[in-house]
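The two complexes that follow have subunit A in common; it is paired with subunit B in the first and with subunit C in the second.
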Partner chain A sequence: MKLLREIWIIFIHSLRVALRNPMTIIVGLLQPVTWLLLFAPLLKNLPATAAFSPEEAINIFTPGMLVMLAPITSLFSGIGLVVELRNGVLDRLRVTPVSRLAVVLGKALRDLVVLLLQGVLLVAVAWTMGLRIHLAGILVGLGLMMIVGLLMISCSYAFALILRNENAVASIANVLLLPLLLLSGLILPLELAPRWMQIAADFNPLAYTVEAMRALFTGRFDDTVILNGFLLTTALAVFSLFWATRSFRRALA
Partner chain B sequence: MAIIEAYGLKKQFKSGKKVVEALCGVDLLVSQGQVFGLLGPNGAGKTTLLRILTTLLPPDAGDATVVGHSVTSSPEAVRKAIGYVSQQGGAENAATGRENLMLQAQLYGMNRAEARARVDELLAAFELEAVADRVVQTYSGGQRRRLDLAMGMVHRPALLFLDEPTVGLDPQSRAHVWDEVRRLHQQGTSVVITTHYLDEADALCQRIAIIDYGRIVAEDTPDALKRKIAGDVVRLILDKEHVIDAQELLRSQSFIREINQEHETLRLLVDQGEQALPMILRMIHDRGLVIRTVTLDRPSLDDVFLRQTGRSLRHDLN
Partner chain C sequence: MPAISARGLTRAFGERVAVDNLTFDIAHGEVFGFLGPNGAGKTTTVRMLTGLIAPTSGACTVAGYELGFDNQRIRRAVGVLTETPGLYDKLSAEQNLLFYAAIYELDSRTAREQVQHYLRMMDLWDRREHLVGTFSKGMRQKLAIARALLHNPQIVFLDEPTAGLDPEAANVVRDVIRSLRGEGRTIFLTSHNLHEVDQLCDRVAIFRERLLRLDTPANLRAGLFDTQHLIEFAGAAEPWLATVRALPFVREASVEDRVLVISLQEPASQKPALIRALVEAGAEVQNVQDRQYSLEEVYLQLIRDGATAGLKKEMS
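Showing the complex of A and B:
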C-alpha cells in the first residue's frame, strides 16, 4: 500500500540519519536516569503508608520515570522540524507526491524508536537497582510510553509548524513540562496530594498514564485504570497526529 | 503547446493588520521546451508565483494548469510531473548526498534497485561521486547546489522550477548551473527560473516575464524586450557635485528621450548614440562639468527593467 510504503521509506531514512549521532539517545536519558540514581534511593527509607510501601519503591518509581521520559524527549522533537522547515527540506518533501501523513508519521516513528531505545535503557538501569516485575508488564508499559510519546511528538510538530521558531517551541515545551509532570503523580503518588491538586490532576492526561503504568508495574493487570489510560492516551495521540498533519499541509516556509 | 497556463492568480498575505498583495491577477503562458525567466526584485512576487505553480501555496483566486493538471483541483498529478529546487535547496544536512538522493528517488515511486541506478547516474552526471557518502554539512556551496539540482531531477520531470538557482555561488559554480540548464533545455525539459540577475535571464531564457508589485509588467523574448526600447543608452559618470547640473543641462535637449539619475550616474536614452555622444560631451565640457566615464551601449535588460518598473534592478540589489 502506498501510504505504508512511504511511511516506511521516510522512517528508515530518518532513523539511519538520527542514529548516526548517539547523543540523540543519551541526552534525553540523562534526566530520568539522574532521578533514578539520586532520588529513588531516598524512597527506601520513607515510612510505609497505605499508598506506599518502601520495599516497592523502585517498582513504583520506575513507571513514573518511563512516563517522564516521553515528554522530556518528545516535546522537544519539533525543534528539528523547524530546522528542516528553514532549510527547505519540508518544502522539498511537499513538492513530491508523497502523502503528508506519511511524512509526519515517518518522522514521528523515528522519534518513537529513539524513545523506545531510551526506555529500554532506563528499565535496564532500574533493573540493576532492584526493579523486579513481570516481563509482560514492562513490554506493555513501554508500549504505553510510546503512545504518550506519539502524543507529545505530534503536539511538538504542530507547535513547530505553526510557530516556525526553535526558541518558541522550546519555550512552550518548558512551560508545559513541569506542570504536566508534577500534576501526574509520577514522582510520588497523587494520593499524597491535597484535594485541589488532585482535582487539577484530573485534567492532566499524564496522570491517567502514570496510574496505568504503575498498575502494570505492580502486577495489577485487571485494574481498569490500565484500559482507561490506554484509551485516553491513544485518543489524544491520534487527534494530535491529525493536528500535526494538518499543520504540515498548511505550513509556510 | 503550453506547459503552464495561469490566469487571474491572486494571493494576499496578512501580517498583523497589514494586508500585502503578493500577486494581483497574474496571467502566464509558458510553452513546452522553453527556458522561461521570471525576473524581478526581491518581494516582487516571484517566489509566491512559483509556490503557487508548484502546489505549495493555494491561490486566493485564479487557477493554473501545470503539465496538463490544475494546481487547485489535482495538485497530486502536478507534483508527479514537476521538479522544484527552492532557494534553500532542501537537502538534509545530516544525511549524505547519496541518502538524500535515494530518499527522493523512492518518494517518486522508484524501487530500491531503480533508485540506486538513477542515483549513481546523477552522482556521475553532477560530479558528486567523490563526496556522495559524506554528509551534506561538509559540502561546498557549489557541491550543495549540484546536489539540489540532482534532487530536483531525480524523476526526470517534464518541467523543472529553479528558484534563484545561482544566488551566492562562485563564478565557476554559476557557470556549471548554467551549463546544466542548457543541457536540460537540449533534452527537451521545460524550465522556469526566477532570478534577479539580468545576465542570467539574458543568457538562459527564451522568454522573460518581468514581475513587479505582484503584476507581470512585460513579457517577451529578451531581444524583443530590448528592441522595444529603440535607440542607444549613454551612461555618464560625473563628479558627485556636477550630477544635478548636468541633468538640468541635458533635460532641455530634444534629442535625449529619457534621462535617469542614480548616484553619480546619468543614464540617457538617445536615438542615434554615435551622433549624440559628441554633442553631449561638448555641452557638458562647455559648462565646465567633469565627466569621469562614458559608455555607449545597446539597451540591456536592466534598461528594460528600468523602463517597466521605474527602478533599476541593480540599484535594488544594493
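Showing the complex of A and C:
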C-alpha cells in the first residue's frame, strides 16, 4: 500500500512537471500521426503478396506502428533522467525514505501515459484511413504496447543511470532501434524476409510482440502467439524494471 | 546514545581512500562543524552518514539506527541540504515543498502549515507562487534549506548552507541554524566559511581524508598555538625587549609593528608579574591583550600539518 502511494505521488508530480513543458508532449503526439499520414498512402499501391492484400495493408501496418511507437518514444526517456541526475534532483530524492522502485515506476508511468496517448491517437487516425479491426483486440493491444513501453523505458533509465550522459543514451537508443525495428516485422511481415533475417528475428523480443499484436487486432484470441508475446514482454519488462531500480540505487553511490 | 556515532568509518573508491578510519560521536543538540579542503572527503562522509553510499568498512549509528541496516529510518530521521539544491525549476516554491511533504507522509493540513512556517522563516513566503526557475541562487538555497527542515528532522545535515548567499541571506540562514540549535536539533555543518563555523559550532572536526583534529574552537586554538600577549606602549616597544627577555619566565619575546609580543611559560599566572616588571622598569603600558587566533589560522595550520604528515606517510 505504501509503495502504491509513493508511486502515485511520484507519478502525479512527474506528470505535473512534464505538463509545464507541453511542447515536448505535443511534438511527441504528432510524431506517430505524421508517420501514419506519410506512410499509409504508400501501402495502398503495394502489389498484392501472399502475406496480405493492399486493402489489408493498413490492418497489418497499424499494429506494427503501435509496437514501433514504444521503442521509438521510450528508448529516449532516460535523457530526462540524466538531466535530473546532473541537477541534483535524483540525489535529493535518494536522501528521502521514498522507495527506489516507486521513483523508477512513478517516472515510468508518466512516460507510459504519454505513450498511451500517442497509441490512442495513432489508432484513431488509422481508423479514419480505413483501419477495421477488433475493438477488444485494440484495447488489449494497447495494454501490450504499454508493457513494451515499460520494458524500453526501464532499459533507457538503466542506460541513463549507468552512463550519466545524454549523448551516450541517445547513441545507444539509436544503435538499438534499427535492428529492433527491422527484425521485428513491424513495418512489413517477416514472411517476406530472407531466411537469415527470420532466424535473426527469432532473437528479437519485439518480433513476438508484433505477432501477438497482429493476432489481437484481427481478433484471433486463441492464437498462442498472443500468450507468448505477453509472457515474454512482461518477463523482460519486470527484469528491466529491477535493473533500472538497481541502477538507481547505485547511480549516486 | 549520541545523535551520530561513527567508528572506523572508511570509504575507498578503488585504490583511492576517500575517508579513512573516521571515528567520532556527536551529542544530541550539538552543532558540529566539519571542515576540510575541497576533495577532502566531506561530501563522501555526509553521503555515508545519510545512507546514500555504504562504507567500505566501519560502523555508524545515526539517530540510534544502524547504518546499512536501518537506512530507511535514518533517512526519515534526518534532513539534508545537498551540495546542489535539486529543485524543480518549472514548479513554484510551494509546489516544490508540498511534493516533499507528501513524500515524508505529512498530512495535507500539516504539510501546508509546515510549508508556510518554513517559507516565512526563510523570507520566501511572498514568493511562494513564483516558479523556482526565476529564483536567485540565494533564494534557491534558502528554499532547499526549508525543504530539509520540512519534516522536523532531529538531525540536519547542511552542506555549505551559506555558499553563494549575499550577507543578508547568509544572516537569515545563520539565524535559522541558531534557532534549530535552540530547539535541540543536532546539526552537522560543512562549510568553508570559517568565521561562520567559529560562531555557530560547539565542536569542529578538521578533516582531510582522516580526522586531523576534533575539539571546541577555543581548545583547537589553545592546543595549536601558544597564548601570546601583545603589549602596546606610549612610545616605541624596542627599548623594553631586553627587559622582558631578562625575566626568567618569558619564553619568547619579539616586536611586531611597534607591539611587544611575548610568550610566557605559564600565561595565566605569570601575566601580572610581566606587567608589574615592565611598569616597575618605567614603561608606560597603554594596552595589554591576548592574541586572538582565528579559526582560519588554526584550520590552515592543521591542514598544512596534515598534508606534511600524509606526504611523510606516502614516502615511508
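The rule we apply is simple: the second predicted complex is superposed on the first by the 249 of 253 C-alpha atoms of A that agree within 3 Å, B and C clash if a C-alpha of one lies under 4 Å from a C-alpha of the other, contacts with A are read in each partner's own complex, and residues count from 1 in each chain.
Throughout what follows, a residue touches a chain if its C-beta (ideal position, glycine included) is under 8 Å from a C-beta of that chain, and two chains touch if they have at least 3 such contacts.
Not measured: the values here are computed from a predicted model.
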Superposition on subunit A - do subunit B and subunit C clash or fit: clash
Which superposed partner A:R94 touches (first subunit B, second subunit C, both, neither): both
Contact residues common to both interfaces of subunit A (with subunit B and with subunit C): 6, 9, 13, 16-17, 20-21, 87-89, 91-98, 252-253
Touching residues on subunit A, where the partner in the complex is subunit B: 6, 9-10, 13, 16-17, 20-21, 84, 86-89, 91-98, 252-253
In the complex with subunit A, residue positions of subunit C that touch it: 47, 50-54, 72-73, 75-76, 78, 80, 82-88, 90-91, 95, 99-100, 102-104, 147
Residues of subunit A that touch subunit C when the two form their complex: 6, 9, 13, 16-17, 20-21, 87-98, 252-253
Residues of subunit B touching subunit A in the complex: 54-57, 76, 79-80, 82-84, 86-95, 99, 102-104, 106-109, 135, 151
